[in-house]
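Chain IDs A, B, C and D follow the sequence of writing; residue 1 opens each chain.
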Amino acid sequence: MPDTETAFQITDEMRAQIGIESEPWTYEVTTTSVRMYARGIGSEDPIHYDVDFAKQQGFRSIVAPLGYIGTPVYLPGSNDPTFGFPRRASGPHLNIPFKGLLDGGTETEYFDVICAGDVLEETSHLADLKLREGARPMLFITNESVYKDKATGKVVAKQRLTSIHM
Amino acid sequence: MTHQVFFEDVHEGDEIPQLRKNCSTQQLVLWAAASGDFYQIHYDKDFAQATGLKGLIVHGALKNAFLAQLLHDWIGEGGQVRRFGCSYRGMDEPGQDILCRGVVTKTYTRDGKHYVDLDVWTERPDGKRTSPGTATVTLPGRG
Amino acid sequence: MAQAAPSVITDEMRALVGVDGPPLTLEVEKANCRMFARAVGHTDRIFYDEDAARARGYRSIVAPPGFLGTPVFHPGAAAQGPPGAGRGYSVPYRRVLNGGTEYEYLPENGVVCAGDTITAVSRISSFEETEGSLGPMLITTRETTYTNQHGAVVAKMRGTMIQY
Amino acid sequence: MAQQAYFEDVEVGQQLPPIKITPDKQQLVKFAAGSGDFNPLHFDEKFPMLKPMGLTENIVHGRFKYAQVGRAVFAFAGYKGRVKRFGVSYRGMDLLNREITVGGVVTAKREENGEHLVDLDVWTEDAEGKKTTPGTAVVALPKRGS
């Protein structure tokens, strides 16, 4: 980095983006999507595959493996073609001068069990900004998604994703 | 809204609008996800070569689905795809153009429905028809 | 003319022709219709957007052509090959090629849409032997019938497998 | 599925049964299908983004390792337990075809709002024993006879 460039700082303008909520997006949890995710992680637990078995265990339907909170509705032009997440007009906008990007961490808080058949409404917001100063400064950006059951309006899960920009 | 093609405007020998495809490795993995065909010759180069192939190849069923899209996009809202199929006669690689084409071979009306038969195929840049097939669609009539 | 290779079609195989295989349940959902359409590169929104599909008179998102749902996956069940593959007979050929696929739709019996449950039943329609540039070949033609939850046949598929 | 664990029977220091998995390319393509993350970083060895990252091989999705931790936590909770929270940091990359071991240990037991909670340290570990995905989890367990 050239000497003339002033060190990166989190500005008030950036901090003001914290908490701004995005428009909602629909996520679907289906029998097929739960089974595919379970196959993807190599689980053979029948709770993720067999609807009758899951009902015998007291669940509404097959249970979504931990970490899976549904598939965003995909509309061409509206979703990222690689990751599938919605590209939303509203929500936080940050100008980040760093080119490097790393996945920093994932944290999920559950308020209910997520099962096939659930239709969720997700909104996201910028939850936290942290700067680790040094020879190579690192900016930690944490986004939080809140998932509500569309039928009941109840929050069923919150997920925080941290990305590291450097 | 797409432009509607009508039965009366279609004649034997007409070529329908072409559809050009070019599969990235990502598209082949998307197709694996969509079709449930996780055979590694479509995304694992080492595996493909170990089976004697030059490299990764495009799924035959994906080319079949491309031909279905060619027809779907042509017939518009008023048409219906009745039948489509192809043979797999040659391999296509990711990163190379796959040109989807169709030519009308017959037009006829039966039980008040307007049918169009076509030859359809996918074509490689070297001109080789890798998935030749046939299809039948119905189209609306004018008035 | 060289002497023809001995037939690999056994009585056991002949007895299988026309016999229905076990039914397979396929689920058609909004999410898997979208995934299929996305993988092909369809641009028509009836394959993605429920409102767009309803505006065109469909019950829900339309299953793109060639898509009749995702088979219910049972872990631990025999390797999920092509439906009905390797059913109770073996042939002395090691190489397999997918010869071709043909779908026939019967839209007057119902257009396949998200929410449908399809039962697929497969049967072998014929065994044929030919002598090609690759040597003697066995061509197996299989037909699959797709029936929706109302008992209506909505599509048929004919597939050709070449063994040599 | 293992037998249901009850709150009374769990002890601080107790280890979770390890899960071992060696993800190959097909496994990661299935994970792409399940998760919707189709980043070629995980399946295309010619993907141009590999080089600037100093990589010559494809890497395992961080979220795949997160999900493996999820499997271990879910198995610990059993069908009657409820996972309240679980999170990890991504501290190191794992390459394809290398064994990953998921581990966990009970760090505390407590009662809160009538729930019987168990705190856990969880992680994935590579073949050299490096914890590439350390994290924590909170599970509510049933009590015997409740």
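What we mean here is this: a residue touches a chain if its C-beta (ideal position, glycine included) is under 8 Å from a C-beta of that chain, and two chains touch if they have at least 3 such contacts.
Bear in mind the structure is a predicted one, so any value in this text is a computation, not a measurement.
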Each chain counted as touching chain C and chain D at once: A, B
Comparing A-D with A-C, the one with more C-beta contacts is A-D
Cα centroid separation between chain B and chain C, in whole Å? 17
What whole-number Å value describes the gap between the mean CA coordinates of chain A and chain B? 36
Going through chain C residue by residue, note those that touch at least 2 other chains and give them in order. 32, 35, 38, 43, 70
Identify all positions of chain B at which a residue touches two or more other chains, and write them in rising order. 26, 30, 33
Residues of chain A that contact two or more other chains, please. 33, 36, 38-39, 46, 71, 82
So in the complex, the part of chain B that touches chain D is made up of which residues? 24-26, 29-30, 32-33, 38, 40, 43-45, 47
Over in the complex, which chain A residues touch chain D? Could you list them? 33, 36-43, 45-47, 57-59, 65-68, 71-72, 81-84, 102-110, 113, 160, 162
Any idea which chain C residues touch chain A in the complex? 27, 29-32, 34-35, 38, 43, 45, 48-49, 70, 72-76
The residues of chain B that touch chain C in their complex are 2, 21, 27, 30-31, 33-36, 60-62, 64-66, 68-69, 71-73, 77, 80-88, 133
Chain B partner contacts - residues on chain D that touch it in the complex: 25-26, 29-30, 32-33, 38, 40, 43-47
